[in-house]
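Across the two complexes that follow, chain A remains constant while its partner is chain B and subsequently chain C.
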Partner chain A sequence: MAYTLHHPKWHRDSKPIFWWVRNWASIAFILRELTSVAVAYFAVLLILVYRALQSGPEAWAALVSMLANPTMIAFHVFALCTLLYHSITWFNLSPKAIVIRLGRWRIPDLLIAGGNYAAWIFISAMIALAYVAS
Partner chain B sequence: MPTNITLQVLRYLPEDGGEPVFQDYEVPLRADWVVLDALNHIKDHIDGTLSYRWSCRMGVCGSCGMMINGTPVLTCAAFLESFAPGPIRVEPLAHFPVVRDLVVEATDFVNKIKDVKPWIVRETEKPLSEGEFRQTPEELADFKQYTMCINCMLCYSACPVYGLEPGFTGPAALALAQRYNLDNRDQGNQERMDLLSNDEGIWSCTMVGECSEACPKGVDPAGAIQRYKLAGAADWWKSLITRKGK
Partner chain C sequence: MNKSNDPFWWTLFGAGGALSAMLVPILLFLIGVATPLGWIDAPSYAAVSGLMLHPIVRIAAFSLISLSFFHWAHRFRFTLYDGLQLKHLFQLIAVICYGGALAGSIAAAYVIW
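So, the complex of A and B:
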């Protein structure tokens, strides 16, 4: 092994930092990775919202007024778009990881991805309903 | 239709001590020629010093993989006409050390294949008198696609993770591990999980998916690794609940 690692005459290329700009599949992949930042951001935002709710009406009003200005709204629309890109690309990949058999029948890929989308829509609808009802 | 096409071949001659350079060769553009035929033509008629590997010239041996216009392919399956009018850039497989011209060093790959214990592991061998291990067509179908791998290493050249982190076990080796994990005659699942559930194993994969695109035999290493991750996560939860720990 050491012989392989240190052989002086073999040529080794290092990977350039922008290796991913060469084709669309790689760009799509890097975008999927980068957009995970939006997922982390919304998780932090959820914690902030929860903390403001817990601290009382003034804290809640302060948070809402901070988020209500046009720059923040534009930022959140952008963040939401990147979050959607991230979620959709991962949901589409889910059949790769999840293989379920019912007896001899393997659940088709479309149903696995569809199940993820259905769960997503259902949970979102429940939250929306709870919000409207309150 | 032009009668010739240019091949830009990356030459690396270690005895010269220099960097690799492209050399142009003009070869006949024949409808029935693949890039490998063109390389053989160069070797036989133009420049006998060109080095490259090949054997079966029919997509079975897995020796003639090279980068054609930046994409890892088997040169025996890459028709010249599909690249017309050219030029066609021919380079050694990416991410491997180059020994000479288009010949790469494969020891790292071979060691990784060996490391995943690609054979049927049994806790206890059953005596011959008990007969063969039985397997239904459905059980075979579970892993059959992973047995189609010809060790051509195209997936390693396609995988940016392997390019950036050479310690990564890599697509073919992990798919091969999964081939045995999913085999109902095998009992080495846990043994392989202990070896491969680490930062250089399944968890290095960021699911770029290029390995499955590159595979000339329709194996889906990306899918195999994601299934392996799921099994790894389940194994971790199980060890947490049963308090076995690791």
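So, the complex of A and C:
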């Protein structure tokens, strides 16, 4: 006798593509994830800097004038805002990922985030000084 | 969020996220905004190449570039999965994202050295 397994239809969530547009929290989440595009863009820019430096002074001058184009400056201001959002969200979330305990005392989130910000300011100042002095 | 259980990719993602969060805003501000607007005098070619072609700076720049790409690959991958509901393209997206990061790293190594 033929035996047929009972096979109910699978349940599948059908979520619309733009599900995240409905509330601010999920928009902020998607924007935070998209900051990674700006991070990758900067990596490309740094490769272009090296290519120009390795090619010689003319190539460097061409890159410098390209960077001075108003459209490029406007784009870089936008990219900079995106990257600041990346840094701030990263530093604020890191206490959730890094839990440090000294004996039974858990180092509070605020201290870890504060340490991040202090390191950020210090490193940025050092880079700026090295750049201006060069 | 769809958390990846793969500690290898997550480690690259985390290292790239931390390094870029610390270093990239000031670098982009100096190179892309302050210098072109004339707030800071543009350093000479000799000064910039002397600094950037120093062996230690090359290694640091390569690390920053490569880890930034892998940071992007991991985040962008899950943004495509979750944001655009493309979970059925799981393998294709993973290959494109991590493959792109690998190709970018190789290109960086080639250009830097």
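Points to keep in mind about this one:
As a convention for this text, the second predicted complex is superposed on the first by the 121 of 134 C-alpha atoms of A that agree within 3 Å, B and C clash if a C-alpha of one lies under 4 Å from a C-alpha of the other, contacts with A are read in each partner's own complex, and residues count from 1 in each chain.
The definition used in the following text is that a contact is a pair of C-beta atoms (placed from the backbone, for glycine too) under 8 Å apart; a residue touches a chain by one contact, two chains touch by 3 or more.
No experiment lies behind these values; they were computed from the predicted model shown.
Of the two partner chains, chain C is the only one touched by A:Leu45; chain B is not. Of the two partner chains placed around the shared chain by superposition, chain B and chain C are both touched by A:Ala97.
Once the two complexes are overlaid on the shared chain, A:His7 sits against chain B while remaining clear of chain C. When the two complexes are overlaid on their common chain A, residue A:Trp20 makes contact with chain B and with chain C alike. Applying the stated contact rule after C-alpha superposition, one finds that A:Leu129 touches neither chain B nor chain C. Within the superposed three-chain model, A:Ala68 lies in touch with chain C and out of touch with chain B [touch as defined at top]. When the two complexes are overlaid on their common chain A, residue A:Glu33 makes contact with chain B and with chain C alike.
Of the two partners chain B and chain C, more residues of chain A are touched by C.
When the two complexes are superposed on chain A, the residues of chain A that touch both chain B and chain C are 15, 19-20, 29, 33, 97. Taken together, the chain C residues at the contact with chain A in this complex read 1, 14, 16-18, 20-33, 35-37, 40, 42-43, 45, 47-53, 61, 64-66, 68-69, 71-72, 74-76, 78-79, 83-85, 104, 107-108, 111-112.
Residues of chain A touching chain C in their complex: 15-17, 19-20, 29-30, 33-34, 36-37, 39-40, 42-47, 49-51, 53-54, 57, 60-61, 64, 67-68, 72-73, 76-77, 79-80, 83-84, 86-87, 90-91, 94, 97, 119-120, 123-124, 127-128, 130-132, 134. Taken together, the chain A residues at the contact with chain B in this complex read 1, 4, 7, 9-13, 15, 19-20, 22, 25-26, 29, 33, 93, 96-99, 104. Of all the residues in chain B, the ones that touch chain A in their complex are 12, 14, 19-20, 70, 94-95, 97-99, 105, 107-108, 111, 138, 160, 163-164, 206-210, 213, 220, 222-223, 226-227, 229-230.
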